[in-house]
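Have a look at the structure below before the remarks.
To keep things simple, chains are lettered A, B, C, D and E as they appear, and every chain counts its residues starting from 1.
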């Protein structure tokens, strides 16, 4: 598991798995799209707009997951002085931002037919919007601070502080009575969703994960190259 | 008292200078010479513990400067290559602020004298922004008298001054060194100031 | 004694500086009142709505106006070398940060606090809430000053993107604002809630000299 | 031809100065949205209230953004001597004022204007009001830019009475803003009202190069 | 071409200088000397029609400068005693902005040459804020080459420069004067620059 913290090991591993991951993600995407558009049923309440779910939910999950991993890496980088954590933060933040954006856009597209408006100020939507802004701030910090050492530390601290927002996103639907769907799929007990909808959802989720990994590999590699001068 | 040993400074992985040795002892006047960009300002700032050296060490009264810098500051006046007086305020306000800030034990008469020798006495109620370049610079030298410290670290004190003022600086320097003060200053030419050491960067 | 004197004269200096730039303070206050007028006019004469959202508006304007003055926080002293002089005069960077934070509080936030009573009249906020407002605003604005100090000292290392600092502060102040606006409407449990706000103040107050001081040191080193 | 080139490269310079990359525009926009968030948080998520004061929020933020940047308007170019260089390069002071005003409009106000549609979604402002909003905002922000130019050129002169002048100019923007806020809610008479706003724009636009130009000239002479 | 006749300038009812006469003709180099606060900068700014004289008049090509100043500006480069390069931008950005702003017909190779002789070629991507004092000053002189005008009005061009750079300026001045250009500059000392006229304020 050393490749998770060591740049050169990571490079070796990345060369090894990049192509399979890419191919897998393409295949999964093709199957997933096929399922979600043709092979899954309309919802009896929501009609065919339910198909937005197959984009919305995976992207939402990944947005959260990405941030959670960034938090872990920030802790590692700050507490255990593992520079790979800084590299990871810089490389992955834009990916998380894109997932969040997809989640928000698909959510609003879904919200128009369901709730009658693009946007309401309920706790989940608001906290996701804040998540998006946090991602953007991280990206801009990475772009604009000149002193690298300070920049990396500041960003890592910011990621840590911002992680307070994660549980708010996740549990806001349980804590407050909101418009947004409470957890139906990711409940710890038996998910209350029909298997015919579950299958494409799972496939799409894996497709998103694979795409995310592929892009992350590319970005981390460039990030490593740009720091060659002082990474051993 | 201040001893600089084998000092090297890097900035953004570029060596600015290497292995500088110098010492400031009571009564000596050191001139720092060198081309533009050779690192004079950098050296002075490193001596003030503002810039971290990449190698070498600086000692003040036998201890590492890093551990002891507030004591060093207590004995040091630094005048940078830019002026620090507040442009929006009058000369008087600036002088008052300095006097209070540095808890100076200089009395009014001495200040007046100094202003007179610097030929700034007519400008007391003028905003610093409307002084001429050289006058602003001379105003800055008032801090040498107000702070009344032993070690003077001056960055290009002589540029932009007219001959009279340079003559005045010369005397001030000699006076200070005869009172066991020590001076290090950077300059591109030396218009006849007596120096005990010359360092070429 | 010596040290106390230094502190006093630090503020003498700040006073002189701020008074010579009095138009900046005035601009802030004008901005404050113009914005209140904007709201009153956009809402129309419906007193009910105005008094409901009044406190919220006051808080937002407080926040925005303190971001307004962020640019001045350290920039001038940094550029003309006064930061170095203060440090050489025996004040550690962290301590400079504390002094500056209070100076910001005194010369930027206090004028605001003083204009709150008038704003309350305009916004139809009941008189008996004034005390709660003052208490929570006083603490809140000190928190904002601390956050402002941190972000603007960070900005010294980031000459490119001045607004980023403001955005960061604003994100951090979201919970504070939600919380403080809530406080005023819960008069029974006011005391315990204000203690929490006070706790937040203590935290940022403890972080401030450390974080700002580090940033100041590094930015001077790289200048 | 030469002259046109000079204008183009004036803006090239402003662009370089204002934007060390597209990120600054984006930061501006983020700032805008975060401010909206803050308003919503402090006012509460009630849809009804939000849509009532939405327009007010937008105007406040527009005002904020132009006050925020007032300090930058001429100050930097004045202090580092670029104002003289521009003048020596054949641009009259009045013309510099015009160019600077537009530069302010382009680099500070336009990013705001561009984000209005999304802001409307967030603030629950009906789609059919968008046109009215754009029209009144476009004109209003140009007026603010002109007023900003006049007041910040007055600020350059370090005499007391001019300080007052710049404050008065700020106050002058109050009736204009109040007027513009009102416009949006009066759809029937929109056309005639916007014409009045347009008239005001023409007046300040005509005064601007004359007044700012004079102030610039005088302040350079007294510097 | 530029003739200054009996010029006097007052500021806040205080006479700065009186009855100055001078002329800038092609090929001549004028040095302006005087104490700090004697009015050198004021005189140069008056010649640029930025400060109003209280008496006397200035002619450009036979016409009153006041009526004709844009034509004068077309032939003039002014370098003030402070630097005008934009501190936040890189050297390259600054050079590009100047080139475009002054619609310069200097080509890339010439610029590169100039940067090389000024020893600034290594700093192209460095922010001006991180250059040394003298380097910033040298960067400013690039405007002389970029603008490529006949009349040079320079305020204290030689201060803060090292000897090599002063030597370079000397040659540049002589070169310019041999090409029928005219120069007026203020300075506190003259390190051997050939001047045709010396004016003491």
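We take it that contacts are C-beta pairs under 8 Å (C-beta built on N, C-alpha and C of every residue); 3 or more make two chains touch, one makes a residue touch a chain.
Computed from a prediction, not measured in an experiment: that's the story for all the values here.
If you take subunit B and subunit C together, the chains in touch with both are D, E.
Identification of common neighbours of subunit D and subunit E yields B, C. Distances between chain centres, each the mean of the C-alpha atoms, put A farthest from subunit B. Using the mean of the Cα atoms as each chain's centre, the chain most removed from subunit C is E. Of all chain pairs, the one linked by the largest number of contacting C-beta pairs is C-D. Here the C-alpha atoms of subunit C line up with those of subunit D after a rotation of 175°, rounded in steps of 5. The centroid of the Cα atoms in subunit A and the matching centroid in subunit D are 38 Å apart.
Averaging Cα coordinates per chain places subunit B and subunit E 29 Å apart.
Computed centre separation for the pair subunit A/subunit C is 35 angstrom, with centres defined by C-alpha atoms. Each chain gets a centre from the mean of its Cα atoms; for subunit A and subunit E, those two points are 58 Å apart.
Annotation for subunit D: residues touching 2 or more other chains are 20-21, 23, 27, 30, 34, 37.
Among all residues of subunit B, those that touch two or more other chains are 82, 88, 130. Contact of a single residue of subunit A with at least two other chains is seen at positions 130, 133, 137, 140, 143-144. Going by the touch rule set out above, the chain pairs that meet are A-C, A-D, B-C, B-D, B-E, C-D, C-E, D-E. Subunit C makes touch with subunit B in their complex at residues 2, 5-6, 8-10, 12-13, 16-17, 20-21, 80-82, 84-85, 87-90, 220-221. Partner subunit A is touched in their complex by these residues of subunit D: 21, 23, 26-27, 30, 33-34, 37, 40, 45, 47, 50, 121-122, 124. On the subunit E side of its complex with subunit C, the touching residues are 88, 127, 129-130.
Of all the residues in subunit E, the ones that touch subunit D in their complex are 48, 50-52, 70, 73-74, 76, 78, 80, 82-84, 86-89, 93, 97, 100-103. On subunit D, the positions that touch subunit C within their shared complex are 20-21, 23-24, 27-28, 30-31, 34-35, 37-39, 41-44, 49, 52-53, 55-56, 59-60, 63-64, 67-68, 70-71, 155, 163, 166-167, 170-171, 173-174, 177-178, 181-182, 185.
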